[in-house]
Every structure is written in structure tokens, then in C-alpha cells.
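Chain nomenclature is as follows: A, B, C and D, assigned in order of appearance, with residue numbering initiated at 1 for each chain independently.
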């Protein structure tokens, strides 16, 4: 793992035509950091991935956010309050399906530690925990992740993180290949200034044989015995453009366009969820006055962000697969690497 | 009609405890005006009611808005785009169910006349036309309203309008009594300044026998032969508080609380629709830069608007009924007046 | 606790005019049972309440269900998948806000024990855990509930359960009085047969001074220092009428009408959530053929269920308050009993 | 126009791998018919396209239906009631944006003629009229379509209809090429019987330069001066599989996957709307009993319909473009034909 894994652009696979940010990850959006806790032991291939939308106290300084349920066969927690209030007030944890409860507990406990008024003299915190089922390669029934594992992922967050089979991505599968964590970003100008949109995905979706590359090739694993589209995909989109929650919901929806370009049709058994947030303005938990001044993108200029959301989602999924070497897991089951096919 | 009809407060019926605006109508929100075209001829008891959210060109200067479908058994047109873009760009027309097409045509034609670029060098306009079925008292099958009738309602708009059986309210029924157009407003302070929320309803809902007054009395018409909750109610809420579209949607939803306090349960056959808009800021159709500065209410201060929305909806419905004298219509069918019961 | 507490009807408070079922609780719907785990120790006033929608394996035999987010300031988990798939596949746990993670873990662990294929050869389970914040009377920050506590509530489920300050209701407040668990039911005829709709609420909402009784009285606690509508309310509606998920969602929405009749306007800080399910048909997890025959209520007959949902929600909230004696909790804070006011 | 235009398969362009129905149009679903009224006069390039979901009285015998707003910048009317009640009760009219009001009037008038109780002794009818803006090639401001034009389209409906620049498709554009009406179908087996899913689109979307063919080629018109994604697309999906409205909504959503595979990202200015209906069962307006027996697809078998919806939407758009010859319209503006590029 010392040598960085190749990504989709190293194989000449380009999604769309917009320029990337410097890192070509979600961390091109300033202030965003990502950390993993990877658990590979016995039959376990699982973990937590933490995304910190900014480096301060998120409960005290919330970010404007929006969500989109592309297909709701999933167990993610925390979306409802974001829909109602339009704000995100906790770090984001990604994990396996049966790790959601523990992820919630970890985020609650940490928020209480940082905000001694929570639940008493002020409201409670809304933890955002999203998941995919890594049960093909990992012993998901063991419910092996602990709150300490979640804290470790949160504490490991940095602006330089690994893609592929790390953290929540450790045991995931996509289109019959190994899936995991992937990311990508796009840069664009508004009012003469450069802005960023970056996306991170946890990929665990797609029926083997359905994958289409940007160059039209259709990679297929040798073993096509898995016939249903199973699993899920979580899409987290960050941008430094000032937007309201309705606009962020619209942007989140375009993550689905990126998935479809890869050959997906949002299968019945797939929990395909997108969340988008803007780092442009922090919304104080304790406001002094009754009004707050906010900048907002003019609606007619939003297409560039729609395009960036579709392109980065498509590329992030490819990166999640290409960065993941082949893996053998629970019961000797195996997933080949897309990189080896390429 | 020379003597103003009594309203609910004249009978000691008070909804909630917030103070009203000076007029106690939607026109307490500065810039809002309302006009009627009333058609009472032969078997017709129908019309148009126009609400101008501001007095300028709404296509060029849009208002932020939100909608809530309390029960969607209805044929209102124009809600979808408000949901997507969060803005209102046309006057609002209320009419009978089979007048919607003509109302749309009238609003399109007027918008084209005022904006010669519509549909060619810029986008098309989104007309907002909402309706109830006045077929109990009026020959709705005649489809008797014309575009000229709609223009007459638009041209009649003023800040001083009649409540009861006028305009779209002419032939409506509520809880077995005569229904129609009603309005109410509430005043409240934010950051030391007085703000207004005003509501106008077109009432045509409620099962006879279900009505509950604020003092607990249950007025019931003598003829209880109508056994289903039929009809609909349209709720238009205006405020001068700066809000985003998500907040306005939340406020619109509280219109339903006002209906429930009257004894309604949003019957299956009822199209119960609420639209809320803010006059605080005009959103230019042609923006020069890529960003726009907007003031927004701090979320934690929104309860006073929720309360005002519930109180004004409840009172506006009572006013719509009390201001309407008994009426005989198509086929000699009759609706008594709640005022006579009181 | 040996003497049964009085309920709203014992004080002559009648919500609506429909007849109740034999028990006047959610357990009038055959197969539904309810259990509590109550934790009153030191500063803790909390617990779990479990609702078993039927007495079999819910993952293998799902029920058709629908949800309604009346106001989404809440942390309930499991609603999204019910919206997407229209089925409920786990018992329902109610608890305090910071007990959600542990509730999820408990439901996952029990589902795995009962269904060894979960997460491996079949999909994962969708636990439904809903919550209110009992932090006024209880040390919610202690996160004191365990998975064993949840199992105890599940194991205690019977068709005869206590209302008031038990289980999840132990530390809740409503309109400045003591809140908690309440229930009510209504009976009605369809095609000549008697059907039931029963509702259970966890009440923790309402601004002191806003409560309105069915007879028009407005009970108010002496201490009106709590000025915001805080807290939440969870509404669980069961019926034996065959319905599809869209119809159940419509019924769940009418829970909001019941709340509004009590004087609520769905305050900003309140997580007001309703879930409705039908026990009429079990949907097998493992279907043999490609089609399933289902009975469905004719849409035009649904008003009787709308009315029952509104009436039972209103009465269940009153019962939750009247059945709860005054309580002193964390930091010597106190909630009076509505029964004492009456 | 005597010689049938070539379609995408004639150029070797295959979307997906499922087999088509016999006609490869929406009319492979038995009972569905389509008719055009085409108006090419002076600066007009417009019309109506009518889709009859079955050949009887739709108000008396409704079909189960679902809708999906992929992007809501549009003026379609009739979606709200389908969402609430889950049924379609009128023929579907497609037209230009400013033809919606007239389309509504035509559908109301015809429904009244066929059902003399409408609006009086029974409810009103919910007309479904959907639109795109053909203002680039046609004088949309003229509002030139009449109710008679709508009746002509309805009366022309047959199971054999023309694709390309006919009816509502006459003046439409897509990806800088000529757009219009296109269709496709897929056949599949359930419980040993062959079922059909057929799609018809009205294409008027896509930014020039963004189109991607199934073989990876990217056709681009020479004139790339149109820089925004403008216009809209309407997707109508029919199937003979028995489904409930929630399932049909899920299927409608997959139309968006088909659009994305063509290079679209649901641009801000695009009204992208999908409606899906099932012909498997007619829901009588006047039900005798309180219950109705319905067959329903087992949820876990729905992927084949998702896949068919994505494939047919993609192919129908290609057909709408390829079947349309180059056209010159209002102001000598011109759209080239994709067929000529191929």
C-alpha cells in the first residue's frame, strides 16, 4: 500500500470535459477532510470512513445541505432533519449496514462531549450515518465495529486520504468487481473566481455485466453468477459555492446521472443516496438576531454544478473500483479488481 | 352589497391570540392586492379571484415561494415549478375546476404581452391557477368563464377587496354552509420591527356537521344529506418576512393545522392546497452577476409564522363563510349562511 | 401503579363521534402488542416502548406501511425504506433521542438471530426506531439505555399495556404537562364487517398554554417559563383494513389533524412523525411466484379511516397526558399532571 | 413522408440488451394508441400528440399510474392528483408550453360530453397535459392551437403512429438537432408469460455537444451557439404488468437513467417529467363494494422493468431525433437531423 494505486485517469478514462481540482478529490473543497478506520481481521472486511465537512464544531456552526434519495432501499440515518431544516450539523460517517447504530452512538457521544448543552438546554444533535452492505466479503452479522472504531476514523481525518478498499469501502463490491471509496473534483468559474465541487462515493452497487466505461468498453468479471443488482452507493458532494438547501438537493439529484452513465438503473435492492453540502457559509447554532444574510447562486447559473456533480460521481465510482486490488473475504469469496481488467 | 358584511370577529369568534394587521386581510402585507370577477347569470355562480403578489412585472421580478399539497385531489396548475425553483413568477388566479385551462391561457397571454421575449429568447412563464369545484351551486359544465373574465379580475385588483361570495368564491360551499373568499392577517415583531403574515382562502370543503367554532360550538346546516367531505380549499399565504422557499413550504404546511382546528380531516375528495410567498425581496429574471445576496429568517424564529399561518387560515375560512349570505343556485339547490346560524 | 389511571373519557373528554374498540387502544387491532422497559434511576426517567405489529417473524412476513413526516426535526431511523418499498419488516421501538443507535443495534441483532441469512444470502433488515427528547426530566446525555433494555421491552409486549409514564414515555412532556404513551381506537364497518383503527402516541410536544380540550377549555400549567414549542410526537397507527402503502401514507398524514385540534401547529423544534401499517395481509420475504394478489380499500371509502386517524391521535395524546401523574426528574425539574388540572 | 424514416436500430444503435416488442413502440402494450395533430403553417411548427392508455372511457375505468418529476422547470398539469390517488383518468395530451390551457379545456370538454355527471353528481376530471417549449422553431407566442386541434389528435389515435416531427414533436429540438416524438419497447417474461413495457418521449432537451451514442460516438451539430441546456423532455411509460402506483413511480424514475446515458444531466431549464401507467387492471369510478382485488408484482422482481424503462427511454429519444428530418422554422432558424450526421 506504500505505492499509490492508479486511478481512472491513469488508464485514460476521462468522465466529461471539466477540469479537475488539484487533488481531484472531495478535499479540493477547502476545509473538507476524510479519515478511515479499516478492519481486516478473520472474516471481517469492514470499517468506518469519516468526512468532516469543516474543521470546527459542526453543531455550533452548521452547513447548508440537501439530500436526494435516488433509491431508498437503505438504512441511512439523519436525512430527514436535513430535508426539514436544510442544515448539516454533524460529521458524516460511512460504514456497513449493521454499523449504523454504533455510528449514531459515536456521533452523539462526541457531540455531547463537545457541546455540554445538547439535549438539555438546547436541542439534540442529528448524526448523519450512511451505509452499504459489505456482507459479500465481510462477516456483517458479527456487528464488529465499535464506537472507538468510529472515533478512530474521525480522528484520522485529513485532506489527504486513500481511495479504494479502506474504511467503509474495505469490503464493498461494484458491478461484480471490488468497490470501495473513490473521489473526484471539478473546478469552474463564477463571477471571475474559481470554485470547486468535490464528490466522495462509497460504491457497492451495479449488476455484473452492466458496467460501461467512458470509452464505451464494458468490463465484466468472469464470474457472472451474481444476477441481481444488489448493494448500494452513497454519494457525498461538497462545494464552496454559496447555495441554499433546495439548490443543494437539486445538485445531489444529479449524482444519479453519474451512476446511470456507468450502466446503473438504480436497482430495487440498492440504497442509492446522495447528500450535498456547501462550505461557503457557517450557520451559527446560537444566532443573536432574527435574520441572517446569505449569498446564493443565481438559479440560472446552476448547470455547471449539475454537470460537475454528474461527472465527479461517475469518476469517483471508477476510482473506487480501480484503486481497489482484488480481495478475498468471508467464506473465501472473491472480488476481482477492475484495474486488472484494464 | 353596499353594507359591509360582518366577519368572525364581529361575532366574537377569535382564532388564537396574535394581533391582526390593520385590515385583517392578506393586503396587510404591503404590495399585495386582490380582485374579483363575479359571474351570476342563470345557473352560473362562479368567477375569478386574482391575487397580485406585488404590483410590478412578476415575470421580471419574481418572489420566493413554497407550496404544500395537504390533499392532492385537485387540478391546480403551476405548483411543480415553484417546488423546483422556489419562485413565483405570475399573478395567482383562483377559479372553478373547469376554469383552470382558461386561467392558464389568460396568464400566458398577459405575460407575453408584458414580456415580448417569453418563450423565444428567454424561458416560458409558469402560470399559477388554483381551483375548487363550485358545481353544487353553479353550472360548472358550462365552462362559462372567458380569458376576458380573468383579465377583469386581474384589472380589478386593489388592496381593498370583498370577502364572501365574490370572484372564485361565488358558488363555493363549506361544511354545508355557503363558502367563498375569506382573509385574515397577523402582526408580530422580529428584530424590533413589525412584520405581517396575511392569508386568503377559497373555501369549498368540510362535511356538514363537522365544523367546530373557536368557542367549541358546532354549527350544522339543517340539511345533512351531503354525507361526504367534498370540495376543496385553496390557501394563499403572504408575508413580508424574508424567507427561503424551504421555510415558505414549512409555513404553507401549517395552513393544514388551521383547517384541522375547524374540524376538517382533509377528506379524500378535497383538493387542499397551500402556497406561501414572501414579498421581502424581488428576484430579478435577468441577473447580472452569478450571486445574489438574500436575507433569511433564522430558523429558530419561525414558530411565530407557523402560529400565524394556522390562526389566519382558521379565521379566513370562518370569514369566508360568515361574509357569505345564503345563496340559491343551479337546480334551486341552496346553501345557508353561517352568519344566520350565529 | 396497581390502580389503573383514569383516561380522557373518564373525564368526559370525547374526541369526535366514532365508537371505540373494546380496549380503546392500538391492541384492538388483532395481533398488535406493546411492551415497555421503564428506567427510573437517579436522574434517569427514560425507557423503550416496543410495538409488535404482528406476533410472527416480521422480516419473513412484512406488513404494508406508509409514513408521514409532519415536521422533520427528529432523528427517527427506518422511514426511508418504508417510503421506497411500502413495507415494514421489523418491530417498532420508541425511545429517547440518544437511544436510537442502541435501538437499531438491538433490532438488527434480534433479526439476525431469527434470520441467519440476513446480510449474507438475503438483504439486510430495516429497523424502525423513533424518538422524542426526554432531556427535560431525564439525563439524556447519559445514553443509559442498553440493547438488553430494548430486548426487555420487546419481550414484555402484550395486548394489554400501560399508558402514561412508561417505557419511552417515562420522561416525556406535553404542553408543559407530563406526557408519555397514550392510545385510542375506533371501530367502523366496511362491506358489512367491523374493522379497527388503533393509534399509539409518544407525546412530547406542544407549547405550554396552547393546549385546547375537546370541550374548549384551555388547560395551562402554572409555570409558563418554557416559551418554545419543543419536543416531538411519534404517532403509530395500526388497522386491519387492507390498504396499499399510498393509502397508509394518506392515513398517517391525518395524524397531524389530530395534533392541530389539540392546539399544536407543528413547531419548528418538534419531530412530528407518523407511521401507519395494515395487518390485513402479510407479504412474504421469499415469494414463490412473480405476482401477489392483494385486497385494497376502494379509494372513495377512505374518509372513515382519515376521521379515525384524526380522532384517535387527538385522544391518544390526551390519554398519554391524563394517565401520567406529576413527575419530578433531573435537576428537580417537574411536570404537573393534566389529570390534576382536570 | 410516404417512406418510413429510419430509426436508431437501422443505424446499428442498440440501447441495452433486452428484446423489443413487435412494433418497438409504446403500442406494443395492448390497448395503447397514439394520434397526432401537426400544424405547420407560416411560423408555426407545433401540434398535439394524444396518448390513449386504453380504448374505453378513462374516467369510468381508470388506470393505476405513478409520476416522477426529474426536473420540475415545466408547466405540465395533472400530476398532483395522480400522485395523491395513484390513478390516471384522462387521455394524455402532449403539446407546446402555451398549449397546456387549451389542452386542459379540450380534455375537460370531452370528459363532460362522455360523462354527464362530472362536476355535478360526481367529482371533476383530472386532465393530464404535458409540454415542452418549441419556441426555437415555432411561433409559440401565437398560442395557435385550438381545442379542435386537440380533438383531432385524440380522434387520430391508432396503434400505428409516426415518430419524429409530428404532433407535439413538430417543432422540438434535442442536443442541437431536431427532436420530436420517439418510442421503443421491451419484452420480458414473468411467471412464464410475456409482458411489455413501452415508452413514448417528446424530446426537447440536451445541450449541443453533450449527446453520447450507445457506441460511444458524440454527435454534435455544427452550430454550437446554443450554450445552455434548454427545453424539456416528457416520458410516458406504459406496461401490462400489474403494479401499484408506488411501483409505477419507481419505474418512472428510471426514465431519468435513460436520459443520463445520452449525456444529459437534467439541466436547470429543462422540464423532465415521467409518467408510468399499467393497463393490467381497470379501476372502476363507481365501485359497488368497499374492496377491490388487485394483482401486484412482487417487489423483488421489479428490476427487469427498471432496466426496460431506462433502455426504452434512451432508445425512444434517439428514435425521436433520427426519425426527424432537418427543419427550418420561425425566423429561418434551423435544426439539422441526427440521421444526416449518422
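Definition applied: a contact is a pair of C-beta atoms (placed from the backbone, for glycine too) under 8 Å apart; a residue touches a chain by one contact, two chains touch by 3 or more.
All figures in this text were calculated on a predicted structure; none of them were measured in a lab.
> If you apply the touch rule, which chains end up adjacent to both chain A and chain C?
Looking at chain C and chain A together, the chains touching each of them are B, D.
> On a CA-centroid basis, which chain has its centre farthest from chain D's?
The chain lying farthest from chain D is C.
> For chain A and chain B, let me know how many angstrom lie between their CA-based centres, rounded off.
43
> Could you put a whole-Å number on the gap between the CA centroids of chain B and chain D?
From the centre of chain B to the centre of chain D is 33 Å.
> What is the distance in Å between the mean C-alpha positions of chain B and chain C?
A distance of 34 Å separates the two centres.
> Would you give the residues of chain A that are in contact with at least 2 other chains, written as numbers and ranges?
Residues 71, 84-85, 250, 269, 299-300 of chain A each touch two or more of the other chains.
> Which part of chain C faces chain A closely enough to touch in the complex?
69, 71-81, 83-85, 97-98, 100-105, 108-109, 112, 116, 118-120, 123-124, 126-127, 133, 135, 140-141, 143, 230, 269, 271
> Considering only the defined contacts, which chain A positions touch chain B in the complex?
Where chain A meets chain B, its residues are 84-87, 190-191, 242, 244-246, 250, 287, 289-301.
> Inside the complex, what are the residues of chain D that reach chain A?
For this pair, the touching residues of chain D are 71, 215-216, 228-229, 250, 253-254, 256-261, 264-269, 299-300, 302-303, 306-307, 309-310.
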